[in-house]
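So that you can tell them apart, the chains are marked A, B, C and D in the order they are listed, and the count of residues begins at 1 in each.
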Amino acid sequence: MYFASDNGGPVPPQVLDRLATANAGHADAYGADALSQEVTARLRALFEAPEAEVFLVATGTAANVLALSTLCQPFQTVFCSPQAHIHMDECNAPEFFTGGAKLTLVPGSDRMSPDALRATILGEETRGVHGPQRGPVSLTQVTEYGNVYGLDDLRALTAVASEFGLPVHLDGARFANACVALGCTPAEMTWKAGVDVAVFGGTKNGLMGVEAVIFFDPAKAAAFGYRRKRGAQLFSKHRYLAAQMAAYLQDDLWRDLAERANARCAELVDGLKGIAEPRNDARANMLFAAMPRAVHKRLLAGGAQYHLWGDSLDGDGPDEMLTARLVCDWSLDPAAVKAFVDLARAG
Amino acid sequence: MYFASDNGGPVPPQVLDRLATANAGHADAYGADALSQEVTARLRALFEAPEAEVFLVATGTAANVLALSTLCQPFQTVFCSPQAHIHMDECNAPEFFTGGAKLTLVPGSDRMSPDALRATILGEETRGVHGPQRGPVSLTQVTEYGNVYGLDDLRALTAVASEFGLPVHLDGARFANACVALGCTPAEMTWKAGVDVAVFGGTKNGLMGVEAVIFFDPAKAAAFGYRRKRGAQLFSKHRYLAAQMAAYLQDDLWRDLAERANARCAELVDGLKGIAEPRNDARANMLFAAMPRAVHKRLLAGGAQYHLWGDSLDGDGPDEMLTARLVCDWSLDPAAVKAFVDLARAG
Amino acid sequence: MYFASDNGGPVPPQVLDRLATANAGHADAYGADALSQEVTARLRALFEAPEAEVFLVATGTAANVLALSTLCQPFQTVFCSPQAHIHMDECNAPEFFTGGAKLTLVPGSDRMSPDALRATILGEETRGVHGPQRGPVSLTQVTEYGNVYGLDDLRALTAVASEFGLPVHLDGARFANACVALGCTPAEMTWKAGVDVAVFGGTKNGLMGVEAVIFFDPAKAAAFGYRRKRGAQLFSKHRYLAAQMAAYLQDDLWRDLAERANARCAELVDGLKGIAEPRNDARANMLFAAMPRAVHKRLLAGGAQYHLWGDSLDGDGPDEMLTARLVCDWSLDPAAVKAFVDLARAG
Amino acid sequence: MYFASDNGGPVPPQVLDRLATANAGHADAYGADALSQEVTARLRALFEAPEAEVFLVATGTAANVLALSTLCQPFQTVFCSPQAHIHMDECNAPEFFTGGAKLTLVPGSDRMSPDALRATILGEETRGVHGPQRGPVSLTQVTEYGNVYGLDDLRALTAVASEFGLPVHLDGARFANACVALGCTPAEMTWKAGVDVAVFGGTKNGLMGVEAVIFFDPAKAAAFGYRRKRGAQLFSKHRYLAAQMAAYLQDDLWRDLAERANARCAELVDGLKGIAEPRNDARANMLFAAMPRAVHKRLLAGGAQYHLWGDSLDGDGPDEMLTARLVCDWSLDPAAVKAFVDLARAG
């Protein structure tokens, strides 16, 4: 009953197999090997973007901050939601990699509204050189609270960025989960919706640690290679990043894994009906749900693993509603979901 | 009728005279001259802090960000108000000089409340290495909206910082105006109130461009000298900074200048009673006041110089209340205040 | 006949096996898993340093620059050899991660002499705050030119650093190869020789991408965890770094792999006697050797893979001596060495 | 007998007078005042560059590093001489302001040779993304050792930069002294000789603290305004920088002051003939001269103020030749030069 994170599960056998296959003989270093080249071609094909520049890195933070650093001058500010991973959970990595750019929080929830975005951008423009200058817009899909932007939502947001000539970055740590939730293609969720640079995350969806950064306008990517090296993210034995990504792309494994994770989440939503109040849309692989303290105590005592979100188990009031963050990864056993639901209902 | 800024006025004759006096013969560079040494001693005396480390720089931004950079690790965050100059008006200089630290905004108004500060600090501590780590608290006295913290307010805020072992920086671009408003000593408003590093601003109060950064705990100042040099703020002809500060300290000129500016502001408050609604406490040298659009049109057409604050002169509705930011500097002629008031009332 | 790099070979089966074993069920993220804890304990044991702080990262550049950034203030300079990897091959990553520290090159060859080090350190101290301040000494073992410092050499160099109170960093991308060449323990080559922070490299010696950074004085490590996160090098699925390192430590695999690589290099030295002039000591796994242009042409035409070092194959003069950089990795087949030697001698 | 620095002298009365004149009434802040606009126009006229972008800052370090930061990406390297001020005397400010760029030293003396420059640039290009990328060339005129590049020298150096498409920065802390030594115009020494960005220094030549940064190609200046603000060098009371520069430009005061300083240096060269061996060309305002230890002892005991250059007064050997760095500023009394010479010859 592991719902603590989608970083906690194992990798599927295809990944280990592909690593083993890639492990034959000598291969040129730093991405000059054949497999790395092949992966680039396959990512271009998947995104229907033959001109795109593609880079692999090993952590989601690296993918985000290297991408932003190529889009953002140090005297600019990045527009993001108050719950964005780049703001909350990267220990100032965006400020570091951009050379000191600021993050301006667009008020509202994790799912940014076009009006709030426009108002915030307008708000950053009355002081000449004094305030931070307007920089990229960063969106997160799936959001940190497990919500999914519809394609219309994305297009409306990128249209606002366009009004001001600002580039758009998409933090896609859970890219596949969103694609599956929307039933759309990667192209539809990115460049066709106005995204300039997307992170196609693999780590939370079954890889050991690989993210692809995809620049749909190659001109914007000019500095990325240097910044990746200087950012200590150019892997000498690049074939092992490429092998993971190759497995991920093979027979749409990325989609298959995300379907599993999302399906578990849907089972959770169904199973908890009546006992839990959903706090997010839960269309992808995360359910934020409020349940009575007594239920949480029973679940956690019974071995369920998950985090409370801004609430504390301590305190009286067995009926007080506390919010759980329940994350499903591809490897989660349907039986574990059922056991969790049964335990929740056992009161 | 110049109320646009306290950066707009001339310097008093004492400053020019002291520059002329200091301009004799050769003097050692980089602060090794006798006058610079003397100014250090006098600042220590003024602040009743014989152990304090004292540094002169030429801009308020330099004073703030060099001070913060010695108090703050790059993986930490600075707690400040949403209206703080370091956040709004320094074009990411704090992020730059600290090597990428973040600024965390304490919700509320320009005058931070201890409860909001505590809640915000507590909010930055549930994610291990993931979020930014807690760093210094930065207070602004006088605030950007022209309000003055009482000594009790300051003590309550620094007490919160102390609970968490965080150092406190005081942005004192209008330090003298606040001291005069409170009728207190520099020591009472700084180290006696729990401030670790204070900026004793001169530029807005009659100098060409000098601010003193004062570390009450010399151990905290160890890196400042290097950071000042590396930050391009160590003046070779340091005597000309020292001369300005010497004039400022002589016969409490700093206090005299601030008394003038504050008195003009008080006259403005009095004069506008009934016609304007104050939006701040206006105890120092700035009045934020709402007046009908028609009044603004008359004033601005009549030659008054000031900025509207977040409002626009355009639009219909002569009775709509628009907020003016009226800043008085030491050099403002009482007759100009009277003329302004008369014009405002001329409708 | 692959001698182009020790980044080119595969990983040994033990590494793949250990990854597979580690790939069971859910595990806590970010290093909180049991295997990561176990690896820390085993590294402490291997280095006979029960108090040491140990961190895993994925690239050699990350290991070096994160280590240096914790030892070095941004207004200081790092003393290193002109051939150091941190100077030549990290695209300014040290400058970036330290926040702008300088690298001061100690004149001489890749193998720094204590006298040159002392003279260089002394040279950085006559200008007060004006010049960069003295910071850490960085040594590379094995050096970039394939030479090995003796333990006496290391002790003499760290003694110089000690004279000035400067910490010592050891870039150990080829740590194991040096240990094997010297027949010494990891402790003897590090803290017993005066090293403060060592990088225990795995990537060039058979891992996919893992380096351990070891702080022998835990007080010096306080900021590393935050800097690793902010540097985008904290792996969520940390168990896969740990698994590689666990395999590396099991039954001294690290030593076994290095013995193989060094043995191949020794065979190369022997085999090329008379035809090649060694340019380095070649005690570890790299031979720099001058051979006539005609020999190079034959080798490269015959399928050998390696780089010329500062020389060009173009040009006349079949007898002109050009220097090859021949790197042996653990996986190199003795038959490949023999084939190379035979081809070299075939003229 | 003050020859320690050209930062030690007073400012000429014209500067104080112009400050007093500028000190009337209110003026808009941050460079929007009329005098600042006028100074821009006059600098454009002086440099025969009507399109140039002109910025004032207060220190030479600020001028250099802000200029370089607009020309240089953080993954690039600046080519400069080993004696360059930016390398030796700015405490890593260039590394800081550029976000971590490197400085690559062109071997040779303070006066860079075109061949050495070309060879060094070529040397930085065999490692793809691994090494620092080629960035701007920085020249110093007058050099740190008091030598003057001829116009042919400058053109030859900028031609090398052009071969590689690299921009050229001129550190002109002693710009006026060089112009006078060469008998050329500012335009001839800058854009007509291939310089892209020049620092027109005022501080060492009689101002309190003002340097003009001049971009001959306005497209290259786009980010400078933001970088100046973020670098804490945008002066609110900008009129006092402008006033100093206005005085400097009036009736070619800058040239007059430099003529005086250079004349004093020439008198020194003449006066010391036979007793001192010049170590530099001494065409500007600095003489590096070797004299016997006994002569130094007599001079310093007699009240002369200057620095030995890399030598120590201690030690035996009254005849040992030690090098003095003798700097003449505009205010130096010819009688002081005569007194110095007489004292040197008094043995």
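Simple rule for what comes next: a contact is a pair of C-beta atoms (placed from the backbone, for glycine too) under 8 Å apart; a residue touches a chain by one contact, two chains touch by 3 or more.
Quick caveat, the model's predicted, so the values are computed rather than measured.
Of the two chain pairs examined here, A-B and A-C, it is A-C that is joined by more C-beta pairs in contact.
Interface equivalence for A-D, evaluated over B-C, C-D or B-D, points to B-C, where over half of the contact pairs coincide by residue number. One finds 51 Å separating the Cα centroids of subunit B and subunit C.
Remark: subunit A and subunit C have CA centroids separated by 34 Å (rounded to whole angstrom).
Rounded to whole angstrom units, the spacing between the C-alpha centres of subunit A and subunit B is 42. Residue positions of subunit B with contacts to 2 or more other chains are 30, 74-75, 90-92, 96, 99-100, 129-130, 133, 226, 229-230, 234.
Of all residues in subunit C, those touching subunit B in their complex are 30, 73-75, 99-100, 128-130, 133, 223, 225-230, 234.
Residues 2, 4-5, 7-11, 16, 19-20, 23-30, 57-62, 65-66, 90-93, 96-97, 203-204, 208-209, 226, 229-237, 240, 305, 329, 331 of subunit C are the ones that touch subunit A when the two sit in their complex.
Residue ranges on subunit B touching subunit A, taken from their complex, read 74-77, 88-92, 95-96, 98-103, 127, 129-133.
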